[in-house]
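The same chain A turns up in both complexes below, where it pairs with chain B and then with chain C.
For the complex of A and B:
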């Protein structure tokens, strides 16, 4: 990874950027690193454990990081989609960030332990990824690794749910969401949750009950997913952050499928593509409207 | 299901349905239905909004959570929006909401989306009666059921 370390050192010592947001070795696998000193650039690593979507740290809501100065960020293709999303939604400017894109051969589900990429250990989001060779970048590093194995778990689960009756689906979600402790880690980990004040925190009126009851949990997740519709880049940080292992990725994938089926919209690395809720086609499907 | 709810189902239960309608078409259409003395089930509570695009999907969820057995969302036909394009944008949001509610196990018959113009009093009558019949068929909603003492507002 000396290529990455050299580039980070160069960017910092030439004062092109003030901070490089990347990955470093931690006590429990890799963790996000914020390198401000060129001497520390040697700490940066990149391998299949680099699961985290660091674009969350570009979010203007995170003042403690944005105040450090102009950032450079280490991204995979999926993270580049989130950076593109933040530019599209005018949260950051393209000139305001240096994008160091890594060619990617898939990542593991968790960042804690290194292991071989197999169809069980590889992240479900890597299945069918078109962004392994990132298209949004200032510097692109590494050789393109071979395509990772496919983890079909999530798509299978969605297919199973689609086949159920609505009562069975209801019970499935009641069971899953009953574990929610309303810590809102899903929101905090999300690179695209950038509202200054979240609807869930509003008290006048109180839209979402803050207590952890089944109806409140359901309303919270429904609202969160709807707010991410057309923004979600399917990085699965919500699911990874969830201490209760609620399969939030199923909801994300379902909405992404809807977006693709109905509006031909797929989250991409092109910030100039309009957000699907900002535009419409007169010919949009309305088979569900009487 | 609690005993109280069960008894209610057997005897006098009649669904509560909330309708979010746009000021320019559906509200006027509903008004026409009223002045034309069209017979409608008295289960629908109408909430008038400036445009169907004012309907935040959260309104629908909140209505279900606070005890509505069914919800109607209605506005101008596409192309007829008073604000030119409001209902086109609304349609995209409703599509995602419709599919998501289905995926989360809410019976599609509880939430009705309709376009009713100012001259379609008959269609409003039809939408109201059909929705009421469908919700009656499904029985009381215990979906998002409001918990005692859970809510501030």
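For the complex of A and C:
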């Protein structure tokens, strides 16, 4: 790990950046770290417990962080997709951030339970990952670890859901979303939810009722996931933040699968490739407009 | 206050009798989505509940202040607006196996709910509820109840506190409500049960005491005087402002009131949980927001809990349950932060005289 600590120390002491956003030991696994003092660079760690996607901290509206100055950020390949998304959607500039990418052998579901990566403990989002060797970086560190075991849990759940009749699926989601308390923690923790004003917060006109009722909960989560179509990087921060433990990643993954099938698009680490919502292609299917 | 013995059989019989009488019984139940976790949920039979396994993910406050509730129904008529208020009497409920931190939180929040206006819905449910808490042996590194004047065997807010002993429980019968509940189910406690319980209670207290020293009486004053301390600029960098902490907190009680149309001429007025950690909480109609960044919003959370509420009501608005730390996606750790702030407030002799 000294490679990472040395690089962070160098970037800070040479004033290339003012803060390195990475991971440090916390009381419950690792937690996000904001290192501004080169002497503290030794605190940075990177291992399979680094489940968090730190890209949300690059949101230009997080004033408490932007006031620190130019950041460097430690990313896994999957997190680099979010950084690419922020560049693609002109929230940050490529020159405005130093990307320290870590070659990744998969991460755990939960940071607090340190254990071997097994098909039960590895994050569902690591299954089939093509970004273990990151492509968007200023510095790429570490040796590429072997491929992690596959946790099939989510794909199995999605397959089950897709086999259901629409009435069964409606019942499943009505049940899950009935727990939503509309705290919008999913939105706040999401690196790609950066709107200055969210539609859910608008009061004139009020598009979505703020109370936790079945129709409003459905409207909120449907709007959020559709707004994420082709943008969601599958980091599962929404699911980690949800105090009601709603399987929001299932919804997001279903939409991502649809985007891949219909638009041949996967949110990638290349900021120059526009997302489907950002381009008009005469070849796009429009069979839903009759 | 009396101490009685409640056998396992009598405890099961008591719960069965409550359920048979259509009393809503809320107890820790293993979560469907994650078998390692527990939630406070209404049970249908005694076996649904598991006691003392793990601190439930959310506090029990939702059974007194639901995440959303209707306050009144309105209907526009030719003659004006017809208003129909909701009943403020609540059906009887028993909360079983709550932790002392969750139960104490209810008494702390009573202060604000009965302050300048008596919140009839809150007190309606408080009066209709009997609370049987359990000695807590489920603490982890994020627990710090003893730092805020409570303990794993605190009586505060409970009608009965049960302590597991050989063959059943030692029941600390705290209120007349608790006495009425246990009538006919308890017997005289023998010396062995009393000694067992005392040992268990001491052990539980010792297991949590070292997590954080007691918050000193001067701490609220220091916080108030240090509103502009530079520490607030950096203390909450990792906070996403998601408000999950407020959702799971036994003492966060802020709510928002909204009118929602259900048809062209009718609708409901609801109140919903709210959190000072979101920017919308303080957004003015003009577009100005006095709390511009998460630094100010997190400062508000600490100031309200550890300075503003104590100065107004003489109570710390925190029971040390540790849920905010456990649920935080950003890895904020309240006992650790409080420890840092307490050191700033009262530096050790070395720091004072370098």
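Here is the rule we use: the second predicted complex is superposed on the first by the 285 of 290 C-alpha atoms of A that agree within 3 Å, B and C clash if a C-alpha of one lies under 4 Å from a C-alpha of the other, contacts with A are read in each partner's own complex, and residues count from 1 in each chain.
The criterion applied here is as follows: a contact is a pair of C-beta atoms (placed from the backbone, for glycine too) under 8 Å apart; a residue touches a chain by one contact, two chains touch by 3 or more.
Remember, predicted model here, so these are calculated numbers, not experimental data.
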First, second, both or neither for A:276, with chain B first and chain C second: first
Touching partner for A:100 - first (chain B), second (chain C), both, neither: neither
Partner chain(s) touched by A:161 [first = chain B, second = chain C, both, neither]: first
First, second, both or neither for A:4, with chain B first and chain C second: neither
Contacts of A:201 with chain B and chain C, given as first, second, both or neither: second
Partner chain in contact with A:242 - chain B first, chain C second, else both or neither: second
Chain B versus chain C as contact partner of A:211, first or second or both or neither: both
Contacts on chain A seen with chain B and repeated with chain C across the two complexes: 209, 211, 213
Residues of chain A defined as touching chain C within the complex: 26-34, 52, 56-57, 62-65, 67-68, 111, 181-189, 201, 209-213, 237, 240-245, 247
Parts of chain C lying in touch with chain A, wherever the complex brings them together: 31, 33-34, 37, 57-58, 67-68, 141-142, 233-234, 236-238, 240-244, 246-248, 256, 258, 260, 270, 272-273, 275, 278, 280, 292-295, 325-327, 329-331, 333, 336
Interfacial residue positions of chain A with respect to chain B in the complex: 161-162, 166-174, 199, 203-207, 209, 211, 213, 215-216, 218-219, 222-223, 225-226, 229, 251, 254-255, 258-259, 262-263, 276-277, 280, 282, 284-286, 288-290
Chain B residues touching chain A - in the complex, by the definition given at the top: 57-58, 61-62, 65, 78-79, 85, 88-89, 91-108, 112-115, 127, 130, 143-147, 150-153
